[in-house]
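Two complexes are shown next, each including chain A; its partner changes from chain B in the first to chain C in the second.
Then we have the complex of A and B:
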């Protein structure tokens, strides 16, 4: 097995050992969605046009909330130093982290989404459009989260700082994502393509930025 | 040129020599520009006297963008050459750019209320400017977010580079989307679309604002360099007599 897949497997195993953590995240996702109708009231004329944006906001917040400690454990126990000495390289390491994190946090959230959509009265014909857009969007958000976690690693008040760094960058994903989910043109629509474009750009830059930011941490801890 | 200026003390000597001419140009342009803008230039036939906000709003908006470009360039220099001057310059620029971005938003809101009937509209130009302001705040928080100040330099430089994506969006948002905010009227094909009685004070205010920006950045860089030098000297047990780096 190549080091890349070994890294993914390791992180998935750690995630499985701490599986109550993503239970908490799922409940967080559900509770945010439940809070919106409670705040707005049960008038379906007001509520119905807002349901897809609710799901997006809830997904955005719960995905980004899971990133605070992404690299902290690896920095503390010396795993990051081992990685930077190994043939894996920090860029691939960051990408592996993104993949395992997406599998362990965003995927359960996607599986939960149809249930939430039923609760919010979203027409079932729209489910597939919503899910495909959310699939691409959640991958993009995960890559953003990796950038944020790498930049803020070792900082004071890491969580609040990460939100400040990442939320402005998440704006294009939120805009194109909500438009793509509500498009009348079916699953493959222009907004989805723009969303995919954002994702591809992030896929190219996120591992590089994260690797470059983690290099500092590695130098510092080596001193 | 770059090699010569890479030395912090030579850089500061050169910058200090520029300081006095900059102050002279800035104050003269600001005095004439404000006088022409507030008293001589005519009120707009539609907007009345509120049009005069433009003499603050446009320079502030230009500098907010220009400052972020500077921040991104400093980030690039810092990442590629790891040069401390680039880090100092970025830290000197960031708060100034933040203030100008804030001024842009506030003056825009003050103008928007009587003209558009709302303090704020979710228009592409306004939203992208707000996001630029958040990027500035993120840079400030990240560069000062570590217990060792220098530890924040590299992440902040990376953030400044990533945030550069937003600069063309702010600049061209008025052309790409059909926005409520008016399109560019100064630098465009076919020359400025403003009457010379209003163009003159605007250009003077632009010069004044840019030179003011340079002055503040030089002063801040001087302070930051002195601070670093003081911190380095404090760490030395038998330090030589303190010599401020100016």
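Then we have the complex of A and C:
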């Protein structure tokens, strides 16, 4: 397991050195949430049912926005060559990337969420339901982003291509996530279970898809 | 004295093949896009052998090294290598945001090599990089990065195959001597070296030369 944790450790060190990038993402998240009520107006009858969807859409956009550069730097530095020759293997590498990316981007966002929920006047009894659903949902979105980033790696319009590939696939997470966050049945509800199912399927396939994409992507680039 | 072996024609593999203990390439063809970059190359290398890969720009030197490193698919033919491979390509494989020491430690860990501070220090020492090993890579010069990339070689096991892509391209004279010494010591202890270079390389050990022919466009 040492190679796996070494990759996570390395990514977290690099993330800490570039922490202003994640600061920007966090501010992006806050701004999206603030913009919705400004556009809709102060009518609480309209606003109240929409607050949880606001948080979900903001989370989805800001998590997926951070992905275009996930593998690009490693490819440019030649680190990917070193990884593919090492004991680690590209599948474990992709999973390590997902974990470190989640820790450095989605986790700060989750920590910020209660503050946003207070701002949007979401009842405090709903906080834990919302946070648990967001926790699972953000992990699923991260895995989707890893697939997208690996597939788009090396393509000329990588970022736009990634959005086209990934946003449709994020729909189930968005649907189950918003339903689970607003459920009256407590934290563990059927929607959350379906969300977990989506996450588990992604956990199984994302490293494999990313590994094969990174392997074949390499064929076309560089001399 | 240099021992020149032209390995380009498909019918050169008439010589007898011994069982794989080193590197063996048989009738290798590699495609880049729609172009045949390497056409019917055969090559055999035993522990202790140093080979220099020469040829004009675009002859396929980097392509050959990347193919042996398993980063490019083989269109036809066979590559067998029984030992660990260390590949130092055009890119150094160092992240700009962290220091050389951190890069080297991470590299040793993902490869399962010795990553204790003593081993890392020794590797850093061998290319005289201690002075700048704790500064983040993006503040170092091209040659300094190259030295840190090459310091990785010292962490690999003694029997490994070193694939070096223009290792001495941006090195100063003193570091060049260190590289030559490292290469010769590696070959003496039973390792293999295959280096693509346009410059003098490990002259003291009189490496064998493989010249790749210019590719018809």
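In the analysis below, the second predicted complex is superposed on the first by the 217 of 223 C-alpha atoms of A that agree within 3 Å, B and C clash if a C-alpha of one lies under 4 Å from a C-alpha of the other, contacts with A are read in each partner's own complex, and residues count from 1 in each chain.
Here is the rule we go by: a residue touches a chain if its C-beta (ideal position, glycine included) is under 8 Å from a C-beta of that chain, and two chains touch if they have at least 3 such contacts.
These numbers were taken from a predicted model, which means no experiment stands behind them.
Of the two partner chains, chain B is the only one touched by A:147; chain C is not.
Shared-chain residue A:6: touches chain C; no touch with chain B. Contact with chain C, but none with chain B, is seen for A:86 once the two complexes are overlaid on the shared chain.
Between chain B and chain C, more residues of chain A are touched by C.
Shared-chain residue A:48: touches no atom of chain B or chain C. By the document's definition of touching, of the two partners only chain B reaches A:167; chain C does not. Common to the chain B and chain C contact sets on chain A are residues 220.
Chain B contributes residues 79, 127, 131, 134-135, 137-138, 141-142, 145-148, 151-152, 154-155, 158-159, 161-163, 166 to its touches with chain A in the complex. Residues 2-3, 5-7, 9-10, 13-14, 17-18, 73-74, 76-79, 81-88, 218-220, 222-223 of chain A are the ones that touch chain C when the two sit in their complex. Across the complex, chain B is touched by residues 147, 150-157, 161, 164-165, 167-169, 171, 205, 209, 212-213, 215-216, 220 of chain A. Considering their complex, residues 32-33, 58, 62-63, 66, 69-73, 85-87, 89-98, 102, 105-107, 109-112, 115, 136 of chain C touch chain A.
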